[in-house]
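Several structures are given next for inspection.
Both complexes below contain chain A, partnered by chain B and then by chain C.
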Partner chain A sequence: MIRHLICLAGLMALLASPVLRAELTIEINRGADNPTRVAISPILLRSGALPEDVSSIVSDDLQRSGLFEPVDRANMLSYPRTVNEVYYRDWRVLGVEYLVVGDAVRQPDGRIDVNFTLLEVHSERKVFTKQVQGYQNNIRDIAHFVSDRVYEAVTGIRGAFSTRIAYVTAMTDSSQSMVFRLMVADADGARERMLLESREPIMSPGWSPDGKELVYVSFETGRPAIFRQRLSDASREQLTNFQGLNGAPSWSPDGRQLALVLSKDGNPEIYLFDLASKQFTRVTRNFAIDTEPNWTPDGKSIIFTSDRGGRPQVYRQNLASGNVERLTFRGDYNARPRLAPDGRTMVMVHADNGNFHIATQDLITGDLRVLTETFLDESPTVAPNGAMCLYATKRGKSGLLAAVSLDAGVKYFLPARNGDVREPAWSPFL
Partner chain B sequence: MRVDSLKTGFLVAVISLMLAACSSTSTQDTAGVSTSDATSLPSDEVATGTVSDRGVSGMDMMGSDVDTVFYFDFDKSILKPEARAALSIHAERLISYPQNTRLEGHADERGTREYNMALGERRAMAVKEYLVLQGVNPAILEVISYGEERPKVVDSNEQAWALNRRVELK
Partner chain C sequence: MTEQFTNYSLAALCSVALHTLLVTLLVVGWAPENKPRHVVKPRYIEATLLQMEPKAKSEPKPAVDADAARRRAEQEKKAALEKEAARKREIAKREQAKKAEEQKRKAEAERKEKARQEQLKKEKLQKELAEKKRLEEQKREAERRKAVEQDLASALAKEEDFIDSVSDQEQIGSYSNYIQERIENNWSRPPSARRGMEVILEIQLVPTGRVAGVAIIKSSGNAAFDRAAEQAVYKVGQFDQLKGMDPALFEREFRRFRMLFKPEDLRL
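Coming up: the complex of A and B.
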C-alpha cells in the first residue's frame, strides 16, 4: 500500500513538474587579438521601460563575435541618445573607436521604433543612421538587427546575429529514463523552444534552405526514420521507413531534394530523395560505409564520409558524372564534412592518435588546420556568414556546445544548465 | 502527427509504465544481492565476494545463462571467439524454437554520430550473418543500430567505451 502511495506521489510530481530545459548560457573563452573597442550607449524609451535591454543584447552579440570589445556601461561618462548629445572627448578618453547611440519611441498602436546611429569616434564621422521597428514581444529581434548592421559596417561581413540554431538535448528525468528533445534557439542561445520530445533518440537535425523547416532522425517508431517539420505550426511528415538505417538527411541548396543514408540494399549508401515526387536515386555503390552527405553550395556535388579506404575519410562525388575523389589524407579519421558558404573551406571532425577535434581544410590548397583543443569534438556547423563554427564537445560527463571562428582566433562555450546538448545546426540567414 | 499528440502519447506511456511499476509487488531491490549476518560468521572465517573479469555480463538472460551482449574493438565489427561460442548456443535455440529477435548494434561515443550508426549496424549485421550461417532463419532476425545514442555506461574512458561497443540480443 505504501508502495502504491509513493508511486502515486511520483506520478503527481511528474505531471506537475515543468519541462526541464537545457537553457544555454554563454562563456567567452578567447577573443581576437586586436578587437575593435566599441560602446553602445543605452537605448531607452523616452517614457516607460522596454522589457529587455537592447544595448546589453547588442554589446553581448558584438563581444561574442570576438571581433569587438564593448565598453562596460558603468565606465561610460555620458549616455547620449542622439548625435547632438555626443561629446566625442568622453569616448576618446575611453579609447572607443565606434559609438552607437539610439532612441526608442513607442507608437500609439504599440509599435516600437528604434532609430540608431553608428559614429566613428576618431574622425567624428557618422557612418549611418537606421531605423528598425518591432513590438514589445520581439525586442531581442530589434537588438540583433542593430548588431547585424553595426557588425557589417565595421567588419565588412554580413552579421548573423538574427539567425537561429537547432540542437538535440538528452537528459534523465525523475524516473531515471532518458528524454530526448529537439530544440531551436536564437544564435545566442536565448528564447529556446522545444520542437519535439521523445523517449527514443533524436538525431541529425538539418535546416531547409529557407530556414522554415527542419529535417531530423527520430527513433519514435522503434526504428530510425527521417522526418521533416515546419517551425511555424509544428506540422510534420515522416519521409522514410526502410529496414535498417534511415539517417543523415541534408537539404539541397535549391530546397527540392534531400541527400540521405539508407542501408536497405545491404549496407549504408547515399541516396537523393526528391521531395515532390518522393522518388529515391542511389548515389553511391560501394561495399564500405558511405554516410554523412553534405551538398556543395552549387548543388552539383556531394561531400561525404566513407571508409572505402579502410578508415573514415572524406570524399566528393559529382552527381552528374558520378566521378569520385578522395579529399582528405592527413590523420586517421576525417568525417562529417560541412562546407562554409564560400564552397572552399570545409569543416570536419578530424582525429590523429585518437584525439577528435574540429578542423578546416581548404579544398583548393589542401591546407588542413585543427581549430579546437577541447575533448571529443564533433558535429561542426558553420554560420551562414562563414565567420563562426558551432560544434559539440564534452566537458566532464556532459556534452555542450562550443564555438570557434574559422581562423581559430575566437572561442566560446554555450554550456547548458541541465543535461547533455549535442548536434548543433546553424540556420541559414532568415 | 502533431507534437501535442505525441507528448500526450508519451505521457500516457509514462503513466502506464509507472502504474505497471506500482502494481508490481516483487521486491526487486534485493534481487541478486545476498547478505550474510555478520554475527553468524565464525571468527576464524572470512566472507569473500567475486567479481568477474568481464565486469559486465548479459543482463537479459533470455531464460539461459548464455551471454546476450557481445563486445567489439574500436571501429571494428569482428566477432570475438567468446562471442562465437555463445552465439552458437543461441543459434541452436533459435533453430529449435524460432523467436523474433532484435540485434541491437551500438558504438562508443568517439567519432561522428551517423558514422557510428553505420558502425553499430555493421556489428549487428556481423552477429546476424553468424547466426544465419549456423542455420537460423534470417526472417526472425531484425538488425537495428542505435549508434552512440544509447550508451550502457555514460562516461568517457577506455573502460566505458569498451562496454558501449556492443551488440545486444533481445
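Coming up: the complex of A and C.
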C-alpha cells in the first residue's frame, strides 16, 4: 500500500514537473570590439608624494594599446584606494567596466610597496589583488608592471609595457658633422639612454633573446663590422671583420647563433655565426642578393629578402633541408620581414606603385594587409606579445618612430626627438 | 410597391414565357423518351426511269391510195389505239410517279420528323446531362464545403493552439533577435579571442528587462574571453523592449535563458 502511494506520488511529481524542453539559447557570433572602458584611481602614497604619477602612466599605457579607453581623472566621482572605499554606482554611471584601485606604502628602508586591485564594476567582483615593489627611481617600472597585469587580465594577452626598444638616432652636432647614437628606451619612449655614440653610421640593432645584449653594425672601424654589447655594463665585442658587407645580424631564438649577411664570397649571402665556436656556416648560395635574415620562432628556418626573382621578395629557407620557398607574391617590393611570436603573422615593408608601407601577411592564409598610411615606412619590428608593431617613418624631413597595432586599429607616433630616429628594434619580454 | 412591380413585370413576363417554353420543350421532348424506341427504317423507293416513246414514231404517215387510205385508216385506228394505250400508260406512269413522289415526300417528312425528334432527344439528353452534372457538382461542392467546415471545426482547437505556438515562436524569435543585436553591439572581444572559442552564459532577467544575474555555464577556457562575454551582458544592463512582453511568455522563456558566445568574424 505504501509502495503504491510512493509510486503515485512519483507519478504526480512527474506530471507536475514542467515538460522537458530545450532552454532558449541565443547565439552571439559577432562583436563590436570597442575599447574597454577602464578607470585607474590615483595610486598615491599615504604620506608624501611619488616622483611620478603611477596611475597616469598606467592610463597612458593602456590607452596606447588601443584596447582600452581610460576615464579621465577629472571625471571620476571618487578616488578610492582600497576595495572597501569603492562605490560601484559611481563607476557604473561613468560606464566603467574595470576599475583599478591601489595604495602605495613607503617602507623605512625607502622601498615602495604598491598593492593594486582590479575590479569588475558591473558584477562588483574582484579580478585580482597584486603587490609590486620598487624604489623612488623606478616608479615607471612599477607602473608598467600594473599596466601589464591589467592588460593581461582583460585581453588574455601578456602585456609588453615593461619591454624596451632600441633605435639609432642621427643628427648634426654643433660642428655640423653627423653624430650617430645607439639608444635604448622604455617601450613608451620614456627613460631614453645612450649605449653608443659614433661619428660613423650605426645600423641594424637587434636584441639577444634574453634581452640583455644588443647586436648591431658599426662603421667605426672604417668598414661595417658586427658588434655585440651588454646593456648592463656597456661592454662590447666585435664579431666580424670581413671585406665588404657585414650586416643585418639577427639573434637565434636559442641565443647561440646569429644569422647575418656577408659578401666576402662575392655577393651578399646569408650565413650563420656560432657565438661559441665563432664558426660561420653559409646558408644561401645564389647569384642574387640575399639579405635581412630573421629567424622563425621555432629556430628551424630563416626568412629573408632576396631579389633572385628579379625584384625584392621574401623567402623562407629551412636550415635542415635547405628547401627555399617564396612567401610574397603581391606588390612589386616586399622586404625586411619580421615574424610575430605566433610564427604566422609576418610584418614587412611592402610597396606597390612606389609607396612604401608596413604590411602584414598571414603565412597560412596568404592574406596581405597594409597597416600604415605614413610615408616611406621602414624597419618594422614586432612587440614580443605580437600586439603592436613599431616602425620608422618620415614626417617632414626627419625620421621618427611610429607604432601600429597588428590589426591596424591603433596608430601613434613616439615622442619626436631631435634629428632622425631610425631602425627600431623591440626587445623580448624582460 | 406597384412601381417596383411594374418595373419587374416585364422581366417576370419574360421569365414566365421562357419557363413555359422550357416546360413545353421538356413535355414535347419527354414522350419519345418514354416510348419504346422503334426504329423507323427508311423506305427506299425504286424509281425506274421510263423511256418516253419518241413522239415522232406515233406520227401517222399520210396514205397515198385507198388501200393506203385503209391502211392509213387502220393505221390511224391502230395509231389511235396505240395512242390511247400510250396515254393510258402515260397516265399510269404519271400516277405511279405521283405515288412515288408522294411516298418520297412522306419518307422525307418522316425522316425530318425523326431527325427533329432525334435532335430534341439529343438536346434534352444534353440538358439533362448538364442538369445532372450541375446537381452532382452542387452536391459535391456542398459535400466538400461540409467536409472543410467539419475539418475546420474539428481542427479549430488544434489550430488555435498551433497559431498560438507560431506567434509565440515569432515573438521569441523577434525578442531573441533584439537581445542578440544589443549584445553584439556591446561585445568587445579581447585580442586573445580566437575562432572556435565558446562560452555559454545563463542570463537572469526581471520583467522590466533588467539583467539580474549572469553566470558562466560553460567556460571557453580563456578567462579574458569569458569576462568579455559577461561584460557585454552587463554593459547592456537593461533590455528595454522586453517590458512589453506577455508575462507568461517572459516567465516561460526569458526569465532565465542562455547565451552562446561564439565569434565567427575573427581573423584568427
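Just so it is clear, the second predicted complex is superposed on the first by the 395 of 430 C-alpha atoms of A that agree within 3 Å, B and C clash if a C-alpha of one lies under 4 Å from a C-alpha of the other, contacts with A are read in each partner's own complex, and residues count from 1 in each chain.
We adopt the following convention: a contact is a pair of C-beta atoms (placed from the backbone, for glycine too) under 8 Å apart; a residue touches a chain by one contact, two chains touch by 3 or more.
Being a predicted model, the structure only gives us computed values, none of them experimental.
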Partner chain(s) touched by A:L50 [first = chain B, second = chain C, both, neither]: neither
Which superposed partner A:G31 touches (first chain B, second chain C, both, neither): second
Which of chain B and chain C A:H122 touches, first, second, both or neither: second
Chain B versus chain C as contact partner of A:D362, first or second or both or neither: second
First (chain B), second (chain C), both or neither touched by A:V105: neither
Partner chain(s) touched by A:A153 [first = chain B, second = chain C, both, neither]: second
Touch count on chain A, higher of chain B and chain C: B
In the complex, chain B residues that touch chain A: 1-4, 6-7, 10-11, 13-15, 17-19, 21-22, 25, 75, 109-115, 117-119, 121-122, 125, 142-147, 149-150, 154-156
Touching residues on chain A, where the partner in the complex is chain B: 3-4, 7-8, 10-11, 14-15, 175, 178, 194-199, 201, 203-204, 219-220, 222-224, 234-236, 243-245, 247-248, 261, 263, 267-268, 289, 291-292, 305, 307, 311-312, 333, 335-336, 349, 351, 354, 356, 375-376, 378-379, 394, 397, 422-423
Residue numbers on chain A that touch chain C, as the complex places them: 23-36, 67, 95, 97, 120, 122-123, 127, 152-157, 362, 367, 387, 407
Chain C to chain A touching residues, read off their complex: 172, 176, 179-180, 183-193, 200, 214, 222-225, 227-232, 234-235, 237, 253-254, 256-265, 267
